[in-house]
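Note sheet for the following structure.
Chain nomenclature is as follows: A, B, C, D and E, assigned in order of appearance, with residue numbering initiated at 1 for each chain independently.
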Amino acid sequence: MENALKSHLVMKLAKEALFTFVIALIVLGPISGLVLEGFSFRNELARALALAGTVAAGRVLVSLALSTAIGSSLLQRFSRNSGGGVTVKTGKEKFPYPLLALVIVAGLAFPAFADKYYLGVAILALIYVLLGLGLNIVVGLAGLLDLGFVAFYAVGAYLLALGSQYLGLGFWSALLIAPFLAGLFGMILAFPVLRMHGDYLAIVTLGFGEIIRLVLTNWLEFTGGPNGAPAPPPTLFGLEFTRTARQGGVPFHEYFGIPYSADYKFWLIYIVLFLVVCAVVYAVHRLRAMPLGRLWEALREDEIACRSLGVNHVFTKLSAFMLGASTGGLAGVFFAVHQGFVNPTSFTFFESALILAIVVLGGLGSTVGVILAALVLTILPEVLRDFAEYRVFVFGILMVVMMIWKPRGLVRITRPAFFPSTSSATAMHVNQPLEVAR
Amino acid sequence: MRDAVLEVENVTMRFGGIVANRNVSFKVKQGDITALIGPNGAGKTTIFNCITGFYRASEGRIVLQSNGRSCNIGDLITKPIVGGSHLVTRAGIARTFQNIRLFKEMSVVENLLIAQHLATTNNLLSGIFKTPRFRRTEVEAIDRAYYWLGQMNLLEDANRLAGQLPYGRQRRLEIARAMCTSPKLICLDEPAAGLNPSETRELSQVIRRLRSDHDLTVLVIEHDMGLVMSIADHIVVLDHGEVISDGTPSEVANDPAVIAAYLGVSEEEVTA
Amino acid sequence: MSTAATASKPLLEFVGVEAHYGAIQALKTVDVYICAGEIVSLIGANGAGKTTLLSTIFGVPRASSGQIRHRGEDISRLPTNKIARRGIALVPEGRQIYQDMTVEENLMMGTTAIGMSHFEEDRTAMFDLFPRLKERRNQTAGTMSGGEQQMLAIARALMARPELILFDEPSLGLAPLVVKRVFEVLAEIAAMGKTIFLVEQNANHALKLSQRAYVMVNGKIQLSGDSASLLDNEDVRKAYLGLH
Amino acid sequence: ADTIKIGVAGPMTGANATFGEQVWTGVSAYIKDVNAAGGVEGKQIELVKGDDACEPKQAVAVANRFVDQDKVQAVVGHFCSSSTIPAAEIYNDAGILTVTPSSTNPIVTDRGFDTMFRTCGRDDQQAVVAGSFILDTLKLTKIALIHDKDTYGQGLVDALKQTLAERGVAPVLYEGLTRGERDFNALVTKIKSSGAEAVYFGGLIPEAGPLIRQLHEQGLSVKFVSGDALAQAEIVTSAGGPQNLTNVYYSSAADPLKDPETADAQAALKKENIAPDNYTLFGYASAQTIVAALQGTKDGDVKSQIEWLRNNDVKSAVGKLAWNDKGDVKDFKFVFYKFDDKGTPVASN
Amino acid sequence: MDFYILAQQLVNGITLGTIYGLIAVGYTMVYGVIRMINFAHGDVYMVSAYIAAITLAVLSFFGVQSVPFALVSVLVITCFVTGVYGWAIERVAYSPLRGSTKLAPLISAIGISLMLQSYVQIAQGARDQGVPILISGAFRFGTEKDFAQITYMQVVILLASIIAMAILTYVINHTQIGRQCRATQQNRAISAVLGVNTDRIISTVFVIGASTAAVGGTLVTFNYGSFNFFIGFVMGIKAFTAAVLGGIGSLPGAILGGLLLGLTEALFAGYVSTDYKDVFAFALLIIILFFRPYGLLGRPEIHKV
């Protein structure tokens, strides 16, 4: 009995291994086994066989692991996990204030411990947090699949670069204007888009993103085309962070009589960015508890039901688009000031896809999830630098694996609980008509 | 003599070649429970969609008397830029759907809060900074939601996901949600479908109570003749898109045209 | 329970079946059997788990424990399409016809499990059963009314020449005249020698039509027995027939 | 430290990965020999690879990493001008000698960063050469200017346009094509209708190849002139074979392979069985430049390295190099090449 | 003169458009069954270009001389291998995500796209590759100097595309498997209950999509003669645009969308500006979708409330 089972298993595994090997050989064989050289080819079939063998062996190992007790219990937990969806809070959860305080303090203290490289990576990560939060409003909350989000990012970045070139704008004024300008672009995009459903919306936004990038590339006289445009470094109350003053002020280090270091500039950017991210996180957190945020989510669930409740779906979508775009615009300013230079290659479709991946991996609609995912997806490529040219390959695999592991995102969505103000509330208002703004 | 809240005048609705409604006219009186019945495919849901602004009638007009003013539904939904079916709701018509349309992944209370957004939507900043006024309207909205949950006997489900409720409760939640828009006229599309007889009886009490306690006019589509005969003041019968009968329950139930097209049996058998 | 079935071997049998939706348990150790040629009905309140019981036969959701036996074989781990090929057809709750296909194409899809060899013949039979469908044979099914769609769903299920047909609330949302017609059709189908498992809210009709019945409450079978005796059962009358 | 670290930055992944590979091959080939010969001042040289995928965002991250994490003493890179421009600022702040093998955009050295040098030419130099080649050597005046809307290509074409304007010649056509596309038939037809006698293309092989092939297929016998990006063996396959290259010319550094100064480098590469691709040579030369500066100064101070480079020549794989105060190569010699019937480039005239 | 230029631009546009259409088919079909934008499709096309070139190199290594034979066998082998790619990708990266959110497979697809590009780059090198010219020559119309032409290769492209599309249209509309595909598109759960092996149908659709991309990839490779690991990106976006333009989910729509896009590009590039041709193409897309929110031939989802 035992033996029969075993030999059955072995047969099954052997079959599986053979099948995987053949498929892997067909798939991997030509590309990795026969390397093109001019109009001829070089024979690397050994490599292809080895690869296919590895794949088949991996498959067998996974099957073996899963057929053991531990493996199958893991598998069960795994499938349970992915089945679950949204839950409602009980209303008794405590808000983790100490943890929050710790995170904020640690975040603010970070520059003191980090060198410029870590700081640079942290700034980039925070920029993506900002982008993720913005796109999360559009995709996660309002359910509008936006594949051209990078357009608003570009608007923010070019606002600083071109604004300083043509209008003499600085970092701070750009920071103030960017949300409005990006919001305006969001509105322009929203009008044609709001008539469309689902994936048609996706392609139109993709098209919009591409149009913005192409115009930035082609409009040489205004944007500098592919050569890009320099963006001015930040100032603090008129103090500059360059070695010698360029914008007609006093350099920071001279004013305070300390030795010059390029790090000061990054400290300033980091601190401002961190505070902005905190503010945006708070605003998004509030929005979700506000009528407007709830309307977005309702619209994502069922547009027709929303209309039957008197919701102006056009304006509601518009507001989501504009607020998302504004956040993207803010991120753009930080990007430009951090880079000191912008050009269209930073705003390709791939960038939009990456931001979308952040939102989806984080768990549509989850703020904490988006923050985590943004950190993971920006820090990961840096961590993977040791893989050299295999970096992108590994990154791609990890993206697939992460999606399969957590298809609903890293963080599970919870809905707030609500309770009446008094226990007798249900008896109140009986004849109190609702004051509706008609 | 009570006034008509809603007047449907010569409405015709076409989909390509198909005529779903032809020259439909009827009136819904203030405070009445009016039932719209008819065979499957007679065009009942379609006329509902015209009334609630989801379709624009190909011909004819639909007029709502609300707060002493009369407004034409067709005009509301074709207003440039701001127009749309949401204006119809704001004018005082609420509805439920033949296929339940709840916000399934949101909690029951949230479903009701969304219906009240007109009263609670303050500006962006007041919500972000939690101004006192914002808190007050929010508390009021929650209380009102609980009030309607109590009315619909759904209190224990308040903080569950709407999609997790059993079907019958989802139906009631949909009505509660519609009521949260504080309508003058509520349109119910087959509210008893999928309910068992005892639940149906409960539902008919709810509908009666809505009318008596909340000064509401009800327009209901239903195939459950027991329910219709027991609550309706007035019945309109559609067949092949046309009104074939219009009158009190007993008039309609004895109308040979209605028996032939719809009931198929005499009235006694139905109410038994 | 299952020993009761020894008289005639059950065609379909649930043995201690449980099912879950995520954390929610929808079926709790359900034992049900249906013998060939029988009409068995299942009644119960909303959300009792009736639809779930039918769907577990097709493996959505999969039974988390217990067995579902068809002709004595456990089918609870088979892929859905293989189950369909064993001569089981479902008329699903909410009709679920192919909205974008014509009536005729819907009927063609009904033959998937057995192939197209009897198509012409069976289609004629269906058009005789439901003349309304013949009128609308080239209409896109999604634009038909509820009643028309229900008829199409029944016809589609019949096209597979199934031996066992599962009906999930076939009278839902139908006009009285049509409800009557549907139950007539059910009787006709039974007369063809098919086995019927009927899930209904309309307990009155269902109990009158069927020979045996089960009553489900909260995912559990609470009562079972002859339909006639259930019709007289005080609790059943109160809860499901709306009579006092 | 007991080793000297040198960073090599360029696109190791992404659309331009092939160039990053070449630079890396060149640099590591040279450094291997240096290390084998005992290194610099007895210290071994360690190379650090930095992949920027030609994206400015990654270029900045790589630069910061080189400076703060790897603590490199010099950098070969970056490859694309759009990466070199933002990265140069960081290297300059940190006082790290930077030698780009390939960023030809004038801005790279025009911004006044002392630490920035290049072993390649400048777009504007190359454009002047190209202008006189077309006008004086080929004696053609109806010129279509095509670029690929990228820093390198457009920079080159715009500089040429400027040069032509100074000679009073306006192009009959000025268009940008999209990188990554393969079908330029519409453009070719447009060139045909413009009556151009010569096409100057600023861009890279993936676009140049199909463009040449499609010009041929549509039966246009215009002269096709381009820049140093064409100095790659795969132009032959990309253009569909040597028969399509009869009217093709490109400018590049004076043939390094023929320059006696480069004999050592040639031999070294040959020994390792490395193909002397264009950017392999420039990578090799950049590494030579850095090592020469390190060996010439010995004190490890970037100021003296800069000083040394401004005042000394370096015998490199691309010929003898000397720099002006901006960091540009003095009298960088561009020479025009055409192809023989086997597709091997030969100096034209 | 002008007439020939116009005729030439039309030929250019139609050839390009046919290819867009072929690749768009993959997007449209996959979208149809699982409502997913398969962002890895462009890279499957890229892989097919490599496979075509490798097959050709191997054939010539074994001394195959006959051009038609080479062409047909390259086409068949490429379709097969690329089809297996489509199948494997679906199994590995998309089928585990069935039943989760709609966006999860989208992200997975982006991961696959990166992986494929990187894999090909590592295995085959980053440099541009090419194939020799197999068929040269053209039909010319006009005078010695002023003429329009259609190359023999372009004729082959048109013929092959028409044949491929005709086969596909027939399969989808008139065969059992095609009907099952459409049924699975509309209601997967109930199709399974009716006896359709939905997993196999989905796999089939991926295989068909990949194979049509392979037809496109092979033809492109032979026609333009050069490719590298990055060509999937631009083609992917263009073909996706074409699919949406025609109405995503609609097979004839994909072809129409492709032709429209190809012609637009050729004419705009030819008569206005090459720089802005893509801007114009996307703007046109937005305008068309504004007036026809479901694309040219897309059927609106029925909003029966």
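The rule is short, and it goes like this: a residue touches a chain if its C-beta (ideal position, glycine included) is under 8 Å from a C-beta of that chain, and two chains touch if they have at least 3 such contacts.
Here's who's who by UniProt: A = Branched-chain amino acid ABC transporter; B = ABC transporter; C = ABC transporter ATP-binding protein; E = Branched-chain amino acid transporter permease subunit LivH.
Please read all numbers here as calculations on a predicted model, not as lab measurements.
Chemist: Which one of the chains is farthest from chain E, going by Cα centres?
Modeler: B
Chemist: So which chain ends up closest to the centre of the protein, judged by Cα positions averaged per chain?
Modeler: The chain sitting closest to the overall C-alpha centre is A.
Chemist: With respect to inter-chain C-beta contacts, which pair, A-D or A-E, contains the greater number?
Modeler: Higher C-beta contact count between the two pairs: A-E.
Chemist: With centres defined by CA atoms only, which chain is the most remote from chain C?
Modeler: D
Chemist: Between chain A and chain C, tell me the centre distance in angstrom, where each centre is the average of that chain's C-alpha atoms.
Modeler: 47
Chemist: Between chain D and chain E, what distance separates the C-alpha centroids? Give it in angstrom.
Modeler: 35
Chemist: Provide the C-alpha centroid distance between chain B and chain C, rounded to the nearest whole angstrom.
Modeler: Each chain reduced to its C-alpha mean, chain B and chain C end up 31 Å apart.
Chemist: When the centre of a chain is set as the mean of its C-alpha atoms, what distance in Å lies between chain B and chain D?
Modeler: Roughly 73 Å, centre to centre.
Chemist: Note the residues in chain B that touch 2 or more other chains, in rising order.
Modeler: 54, 97-98, 101
Chemist: For chain C, give me the residues that contact two or more of the other chains.
Modeler: Answer for chain C, listing residues that touch two or more other chains: 143.
Chemist: Taking each residue of chain A in turn, which ones touch at least two of the other chains?
Modeler: Where chain A meets two or more other chains at a single residue, that happens at 38-39, 85, 218, 304, 389, 392.
Chemist: Under the definition above, what is the set of chain C residues touching chain B in their complex?
Modeler: Against chain B, the touching part of chain C is residues 24, 45-47, 94, 143-148, 150, 169, 172-180, 201, 203, 238-243.
Chemist: Quick one: which bits of chain E touch chain A in the complex? Just the residue numbers, please.
Modeler: 31, 35, 37, 39, 47, 50-51, 53-55, 57-58, 60-61, 81, 84-85, 87-88, 92-93, 96-97, 100-101, 103-108, 110-125, 129-132, 237, 240-241, 244, 248, 275-276, 278-279, 282-283, 285-287, 289-290, 293-295, 301, 303, 305
Chemist: Per the contact definition, I'd like the list of chain D residues that touch chain E in the complex.
Modeler: Spelled out, the residues of chain D in touch with chain E are 13-18, 20-21, 149, 175-183, 185-187, 189-190, 192-193, 205-206, 209-210, 213-214, 217-219, 232, 234, 236-241.
Chemist: Tell me, which parts of chain D touch chain A in their complex?
Modeler: Going through chain D, the ones touching chain A are 12-14, 17, 49-51, 53-58, 60-61, 64-65, 67-69, 81-82, 85-86, 89-90, 93-94, 105, 107, 149-151, 153-155, 158, 176, 234, 236-237, 241.
Chemist: For a test of understanding, state which residues of chain A touch chain E in their complex under the given definition.
Modeler: Per the stated touch rule, the residues are 23, 26-27, 30-32, 34-36, 38-41, 82, 139, 145, 192, 195-197, 199-200, 202-204, 206-208, 210-211, 214-215, 218, 304, 349, 353, 356-357, 360-361, 364, 389-390, 392-393, 395-400, 403-404, 407-408.
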